[in-house]
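Note that chain A is present in both complexes that follow, paired respectively with chain B and with chain C.
Up next, the complex of A and B:
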């Protein structure tokens, strides 16, 4: 038996791997093992017997489903993701650079939205039930309700095309460049993602801060005559953040899905836009690989959320011993 | 909201004298300004979607002027990328978004409630298996799962409804299971068991009415989410196919002409925005009312 924190982390990681294995089974079953002929589905009705045979060969469709799955899984683990049907290149080559671009997008969105949400949560909790708090509550609720593509399009209308024309509506980033070399092109996609996740995190942060601000040690700090600003930012906020971490990680995981639509809107050269293209072209090897990549990020962030939550909560930490 | 009420049978045995918990909840929710604003927004947009087609001045597929023509007396909101009337297409385009999202939410609720109730009431092993299966679905962002299905089967409407419903189910089942688990332990359930009532009757008659409030909150959340997801799939080109009039598809078709004639994009975008804001305001109103009742019915 594994005990303590390291045991918990190992168990959680193993559970994450198991989930990923099941995910790979679902992706494989959905794309390749469904009843019917995937080759015909991809090529359409006008396919010749020759091209059908060639594609079946390429996708390994002549073997049994179990053998196909085994081969595909082996490829996944060793980094051989097959060949893109549209680009006629190895899938790893098609998506390699795009993973970096998407990671840059997610990283910037996280670096901006997390401090912003913490600040909003802290200030609204401090001024609880004021007009400002109520206004923010309704405003954030409204923003949280909007689908990402609606936010993206509204930003394009507002800042890219119709009202003001200050930012590029399309993120043209040449393949040889790094995404961070084009800050102007990054603004609108990053802003969209920030608007998508900030409301959720701030709501949880506010709830957590409301509790912290009513606690004895905050009362104590106030009674000592400490300035209210210092009480808030030095004593209350660090304690209010802990319960928020889980939600932060869940929202970052959510970003992994959110980038699909946002990259499509802005033509941003990341895995999200590539995924939409691959779905439209029925480029099954690319669809499979990207679905697994996105699910892996998602599962990993969920595991990370559990682990960090345990690490920062003394009560939970000691209960593991 | 309506489909939450539809899956809920009359709780005749629970509390005959008091108003039903759900009625009480809705009454309290209605007292909040945000609920009223939400209801007004939703009614407005549902009205446009349902009655709109009867008011449309042109057919949604008729060519009335040059592409991206500015608003004029023949086309009040101008024309789209192919020269069709934006206003007519807008009035026709809400039905699909709303209909598909409602159908998907209904499927998700039915599936999720069933799985959640069974998991709460069944053996520990069955509970584990069911909830782990839900975790696997939750391991994908919903949109990604929907796109994987579309890549295989193609852009079929039944598929979108089914996939969005399936991605809705795990969250509903978690809420249902979470609130049912403690109800299952209560005396009136043991009493019903002792009286030899069937398992189905206990689940639907005894347990479900008692988890209706959290389910109602979840249902409105899921509906907001389904509207966004269905609209996004249409926007990506995997929903209704041209020449259909659909808000999501319209946005995509007219994006290129945004600098010339913004209405083809702005009208459907605002419609989807207001609809999702409306449903989420209602959900928040119900959630607040529900939290208020739990706290002992204090302040709103």
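Up next, the complex of A and C:
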């Protein structure tokens, strides 16, 4: 038996792998569920007997589903994601750059929204029931209620096309460049994601901070005469943040899958656009690969959140010993 | 010969394409551009002003596109491929703004000795972008490549009468084609926008790699990322003097309609294809951008199988055609951006039969025809899919109209995979889409037992004379005589055919007003005046 933090992490990782295995089964089964013959569904009107035969061979459709799944899983483990049916190139080449671009988008969105949300949550909890608190609460609820494509379109109308033309309405990033070389193109999509994610995190942060601020040790710290700022940031926030971490992870995971819409609106060359493209083209190897990538991000974030939660909570930390 | 007709516009493009991709409106025609014609043949006052100026980078956003994008001088798969093929390659003959063939292309003449022997002579002194002189060998290589069954290029179907062994080089600029059978539509086939001339030995494998992309066209490829964008620079060796005007052309794929419109409004691109009908007012209302409307002969028919009940009774077909309120279908299904149809395709054909009266909705007659046929209270499924703008929309409006005649039409909107399954071309009642073509070419593509896409199974047993008329037309080089024959054929289809052709869509494309040289009302096969004739007839003012 493994003990302590490292044992815990290893157990969580193994469970994560098991989840991924189950996901791979579902993804594979879903692609089998295409109506009729998948090869015909892929080729559509352009199907000829020759092209059908060739594609069936390429997809291994002549073999049993179990053999097909085994082959695919083997490829997945060895890093061979297969060949894109649409691009006739290795899947890794088709989606590699896209994953990088989406990761950049997600990273910037996370780096801005998490500290911002934590700060908003802490300050509104500290000034509970003030006008500021109520104002923020209404504003954040309003933003949370807006679907992100609405936010995106409003931002485009405001800053890209109709009212002011200060930022590019569409993120045209030349294919050979890295996304971070075009900061201007990143502003609107990142802003949209920040607006989509911040309200949730800050609401949770506020709720848990309200609880913490009423606890005995905060009272004690105040009675000792500690400056209020120090009470808030040194004592209350580290304890209030634990429940928030789970929400942060959920929101980041949501970003991994949910940026599809945002990328689409801004024409941003990330996995969202690639995913839509692959589904439209019935490019099954790419769909499978992207589904697995996104699932892996979910699993990783959840494991990471569990680990971080334990590390920041002394009670949980010691209970593992 | 320059008055010859029947440009072919194989929509075969669609064979290669998934519907969503290419063409919302299936503009797979063969042409370089088209102006004037029915609606407004006068150049846009705003654009005829100043003399062309050189310079600048022209950026265009094109709908559709994906990692499936290719660059091949004689093939396309997606709509952005159409935008790219015109940069570097040209045809022997070209369609003008009125959808008439003209010898403005690489051939100075193409003359028939009979309907099965044709002589092609190319212009003197035209050079490819690498400096090689255009010769008879290039023409022979290009035609052979187009019809090579191993490559399966869709432009080859229209050239099926060409005998690869019957081609002979007469001198360095002249080729004689001996066809396998008489074929008066050969010029149409050579005018398709994918029937381009490539140099001997051309292969797209060289594209973007070691070897440059060689053609006679106004631009040379600099870089290409499928599904994203391509960059093209001016061909300094171009044969039309003074052209092109831009230093560089950037062609960008835009899957999302909203993103494309936003990029145009925000000034990130200078032109775009396929403005959604609902956004026309937005683009026109924004200062500095406009919508260019070009009538097209693209159509989204409702197809009735003439050999299956209930449509094997001609009275039922006639009743269905009388149910359609065509102006209302245009207004609702195409948001008013189209032209009313008369159950006949190939509306741009010089031999289009205008003498047949426009069909109007006549519910009373439709009811009595159905009654006579014993199909009162008919209930039937209509299969459709989102292949092109107008398919699903037209089907739904038609279903509403059918209620008045006591007919229940259940519109079944299928996933494209299910629609184009084994049942495709076997549906009793379905929608489909076609691009701009002339009459005989369209007959070959969709109205013969040998056609690859005959949805209606036309002609029915009682109309077999249609087939002999078709053969006769192909063998007739004389334009007037051929027109008389094709009008008889059209009259048969008008009376007994299986298509409900309710309208033709209008191409709607957006541009920044700093772009000069675009003409309103050009008969459109490719958007934006065939992309400014390969981006050479437009410039920044």
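Observations
The criterion applied here is as follows: the second predicted complex is superposed on the first by the 315 of 321 C-alpha atoms of A that agree within 3 Å, B and C clash if a C-alpha of one lies under 4 Å from a C-alpha of the other, contacts with A are read in each partner's own complex, and residues count from 1 in each chain.
The rule is short, and it goes like this: contacts are C-beta pairs under 8 Å (C-beta built on N, C-alpha and C of every residue); 3 or more make two chains touch, one makes a residue touch a chain.
Quantities reported herein were computed from a predicted structural model and do not represent experimental measurements.
On the superposed chain A, the positions of chain B and chain C overlap enough to count as a clash.
Touch criterion met: A:175 reaches chain C, while chain B stays clear of it. In the superposition on chain A, A:65 makes contact with neither chain B nor chain C. Shared-chain residue A:94: touches chain C; no touch with chain B. Contacts of A:17 after superposition on the shared chain: neither chain B nor chain C is touched.
Contact with chain B, but none with chain C, is seen for A:150 once the two complexes are overlaid on the shared chain. Contact with both chain B and chain C is seen for A:162 once the two complexes are overlaid on the shared chain.
Using the contact criterion defined above for the overlaid structures, shared-chain residue A:138 touches chain B, although it does not reach chain C. Of the two partner chains, chain B and chain C are each touched by A:280. Contacts of A:264 after superposition on the shared chain: both chain B and chain C are touched.
After superposing the two complexes on chain A, the stretch of chain C that clashes with chain B is 278-286, out of 278-286, 296-304, 314-322 or 368-376.
Within chain A, the residues touching chain B in one complex and chain C in the other are 34, 41, 153, 156, 161-162, 169, 264, 276, 280, 282. Listing the residues of chain C that touch chain A in their complex gives 14-21, 66-68, 152, 223, 225-229, 252, 254-256, 258-260, 262-263, 265-268, 286, 415-418, 420-422, 424. Per the touch definition, chain A reaches chain B in the complex via residues 19-20, 22-23, 26-27, 30-31, 34, 38, 41, 138, 141-142, 144-150, 153-154, 156-157, 161-162, 169, 253-254, 256-258, 260-261, 264, 275-276, 278-280, 282, 284, 287, 291, 294-295, 298-299, 302. Of all residues in chain B, only 34, 135-136, 139-144, 147-154, 224, 227-229, 231-232, 235-238, 251, 255, 258-259, 262, 265-266, 269, 272-273, 276-277, 279-281, 284 touch chain A in the complex they form.
Those residues of chain A that touch chain C in the complex are listed here as 34-36, 40-42, 44-48, 84, 86-87, 89, 94, 153, 156, 160-162, 165, 168-170, 172, 174-176, 264-267, 269, 273, 276-277, 280-283.
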